[in-house]
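Common to both upcoming complexes is chain A, partnered first by chain B, then by chain C.
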Partner chain A sequence: MSKTILTVDDSASIRQMVSFTLKQAGYTVVEADDGANGLNVAKSNGGIGLVITDLNMPNMNGLELIRNLRTLPAYKFTPILMLTTESDDSKKMEGKQAGATGWIVKPFNPEQLLKVIQKVMPV
Partner chain B sequence: MSVDMTQFHQTYLEEAVENLAELESGLLELEKAGEADLNAIFRAAHSIKGGAATFGFEDIASFTHGVETVLDKGRDASLPLTADVTATLLRAVDVLSDLVMAAREGRKAQPADRAPCEQALSAICTASVAAPVVAEAESAEGIEQKVVDVLFKPHANLPQTGSDPLNILRELRSLGDLSLTAKIESVPPLNELDAESLFLWWQGTLETEHPMDDIYDVFLFVQDEAEIALNIIASMTLPVADTQRADTPLVAEPMDNRRAEGAERRMADRRAPDRPAQDTSFIRVATDKVDHLINLIGELVTTNAMVSQHAGGVDADGHAMLHGSVAEMKLPIKCTLSFAVT
Partner chain C sequence: MMFTLPRIRLTSGKPCMLPMAFVGGVGVMGVGLGSISTSPWLVFGALLLGGVGGYASRYICGISPQTVAAASTQHEQTLVLASLLEDVSADLEATIGEIINQFLDLAAKAGNQSELLGKTAGAAEKLDTGTEVISMDEFSHAVAEEAQEIVSTIVWICKSMMQVTYQLEELQKHTKTINGFMEQVDFIAKQTDLLALNAAIEAARAGDHGRGFMVVAEEVRKLANESSRFSVEIRREITAITKGLDESFGSVKEVVGQDMNPLIERKVKIEKLVELLITQKQGVLQMLELASADVGKMSNNIFSIVQGLQFQDRIKQRLEHVIEPLKAMAEVNKPQKANGAKVKATAVNGMSESYTMQAEREAHARALTKAEGENTPPEQPKPVKHKTPQDDMGDNIDLF
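What follows is the complex of A and B.
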């Protein structure tokens, strides 16, 4: 069975790029367009092995999503990667405190994305 | 894997138009009412920039960066968004619209107001810091083979951020010859054991040709959640020339002067920088002496392996020490051997 990844981003183009790359690499992908929807998808889908989330999103931002996910028993130890911009050193710290496993620095290309995923969820 | 990024351009540009509309209406509201949802305005600019950088619209990305910086400062109140500032931002939206429209039509745009607008934006953020220039210090000095002493002592709560120490150890192993001992002395008795915390830690050595940065990268995500110590305990630079010479055929056919010159230059190129031609000198040694040397080294290798094996019976502290010294022995032997053989 292929591993399922949840990608949460309010930007359709980034979501499309992430999804396409992951599917091509053999992963199953589920999408959500903000934190609130991401949390719902995560709750209703039991088999998610990794979450990739943007930070700046309407309704519920990435940090809140991470904090909420970590309170759910099923997501206590799930790797969660956040998308962040280079200058955001404080954001990385905030993210780690919220429970993020690691980060992917924007802008990124498909190879970098897969490399970071490999780091926290090796095949 | 290669992904054709142009397939996402259409979606990105449509999205950019929407974000531009949001940015503009937000700024107009700010201009009229003196306040607006600054987070939403910032997010729109941030999205335009992020996507542009990802999908290769450098023009749009670099220009939007200035807009985003001003908005970010406005958002955290470190810069008051006065009427003047808002007016400049609205000018920037016009420039940005031109850039996005041009990208949609597949042409290159050079809006006249771009440069003045950029200057105005950067004047607003006088405190803006120039992007740090990352110098690529790539060394071509040959391959540095080294033995690194590794200590990895994760905090008990490491698993709670989704990090699996085994993944980290596997990644470390992929860099070279890894030999680790798991330390179990902090593991509490079973009835006191918290199954969601981590009590193990690891110490040992990694023999690798990778630069130290690669090794630090393994621990990138857990550097604040673990005690990590990496120390080079032995290192030796193997000249590139030595490893390449063996499979370089010697040119034996006669050649004219020009070709000979070229061949000489090629030979010179292959020489390692730390072994210039004039420093190379030769001595004559009887082959039986060389044989003897190789035999001696062979014996050293065997002894090294035996000591490693016997070390299993020693207690924890003694083991670590023994292990360290054996590991230190391994590299010079290996290097001497390969040197003697070549």
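What follows is the complex of A and C.
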């Protein structure tokens, strides 16, 4: 499994923190600032092993991004984690139905994030 | 519900404190919204109070209630407030982003330092001799063993030298004995010469009969003279040997006479110096390890601070959820709008639909209740979440 992770978030500070956490743990990280850009990055980069995306973003939200990714053969089974401030159960259900692998509510704890990643993307 | 809003930048963007009464929300709303006193506006004021709070106080520098009031209509005043909040959000994001950058840089450098200190401590613990890497304990033992070996060798040499002095003394005695024998040889040679001379005289007296004997006596004299000459040569050689032996004996005696105590004291001193060196090095090692651990903790602490800065993302969203209704209200307050009151109420009530955090929805509900003068409804029991094996990651994580 590839150790490259795509993080999609419109908040630069969250992208910085996610990137820093993952890079420290030895992962390669690529970033995108909204769902549309995230989809483009995913399409142009075939080696992504996991996607972490925010829910509410301009241009294309996280749910749409997941739905689009799941139509691509390369991302049919790729683990996708939602990292969002939203904690509503109905939204989580929407995420699950869209094809999300897991749901993490911000603020996140780096150690927890790494644990989840190791669980859904074993090396 | 998007509007094209002219960006009204009234501040220099530099942080400063404003009276909390103004920025806290109620004051802003009081001045900004003038006579509007319907429930939705109070809801909005309360939301501002809860959502913007102290962050606005640091960023809306130079914006006085008078500035907001200076806008001629409620429509303009609302636009000013919306723009201000957008500025607050943008400034907050930019500033927090910069702070995070600096902190992450600091954390990375602290991490590197910790690693370097750890490596230095590791290096201080070992000694590379070129052929092998040994520990400081091994170094200490090796130096002590070498020092002991040197002392033992010197002591063994001294003992051997003592043996040599005894043997030289014996040789000196033998040379004296040989000298005594050589005197005897000289004496015998002289006596033989004398006897040969007498024999020659007697042979001369015997005339022709003694002529043969004369020849023998002459040969005996020659032999006696040869013996005497060899004796002189031998004595000269023996004298040279005796002189050499005497000099060797003196030199060896000088070596043997050396006091061994200073040497042993030096050996003890070397051992103590090595011990001191190791003790000091261990002290430095401990300090390096402590420093490495402290710097490592510092890196973790910095990262914890950075984690804490995630609040910016939440604040940004909450501000956005206030800005959008503000823009809607500005639209409503346009003088030509006929059904303003209805849209106004819709705008405030519709706010909750844009929320992305449970905390926002709860704050909205509380504000509504307060504005309408109703008692706070009893808190609904939260649904019990059944734990699954995947839930051990934490309360804020769900794996599907």
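The rule is simple: the second predicted complex is superposed on the first by the 118 of 123 C-alpha atoms of A that agree within 3 Å, B and C clash if a C-alpha of one lies under 4 Å from a C-alpha of the other, contacts with A are read in each partner's own complex, and residues count from 1 in each chain.
What we mean here is this: contacts are C-beta pairs under 8 Å (C-beta built on N, C-alpha and C of every residue); 3 or more make two chains touch, one makes a residue touch a chain.
Being a predicted model, the structure only gives us computed values, none of them experimental.
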> On chain A, do chain B and chain C fit together or clash when superposed?
Replying inline: clash
> Which partner does A:T85 reach: the first (chain B), the second (chain C), both, or neither?
Replying inline: both
> Does the superposition put A:V30 against chain B (first), chain C (second), both, or neither?
Replying inline: neither
>> Once chain A of both complexes is superposed, is A:I52 in touch with chain B (first), chain C (second), both, or neither?
In response: neither
>> Just checking: does A:F77 make contact with chain B only, chain C only, both, or neither of them? Give me first, second, both or neither.
In response: first
> Does the superposition put A:K115 against chain B (first), chain C (second), both, or neither?
Replying inline: second
> Looking at the overlay, does A:A42 come into contact with chain B only (first), chain C only (second), both, or neither?
Replying inline: neither
> A:I5 contacts which: chain B (first), chain C (second), both, neither?
Replying inline: neither
> After lining up the shared chain so the two structures overlap, which partner does A:L22 touch, if you call chain B first and chain C second: first, second, both or neither?
Replying inline: neither
> Which stretch of chain C would you flag for clashing with chain B, going by 130-138, 166-174 or 364-372?
Replying inline: 364-372
> Is there a shared patch on chain A that both chain B and chain C touch, and which residues make it up?
Replying inline: 11-14, 16-17, 20, 24, 56, 85, 96, 100-103, 106-110, 119-120
>> Considering only the defined contacts, which chain C positions touch chain A in the complex?
In response: 93, 96-97, 100-101, 104, 107-108, 111, 303, 306-314, 316-317, 356-358, 383, 390, 393-394, 396-400
> Inside the complex, what are the residues of chain A that reach chain C?
Replying inline: 9, 11-14, 16-17, 20, 24, 55-56, 84-89, 92, 95-96, 100-110, 112, 115-116, 119-120
> Contact residues on chain B for chain A in the complex?
Replying inline: 1-3, 5, 7-8, 11-12, 15, 39-40, 42-43, 46-47, 50-51, 53-55, 61, 159-164, 167, 170-171, 196, 220-221, 224-225
>> So in the complex, the part of chain A that touches chain B is made up of which residues?
In response: 10-14, 16-17, 20-21, 24-25, 56-58, 70, 76-80, 85, 93, 96, 99-103, 106-111, 114, 119-122
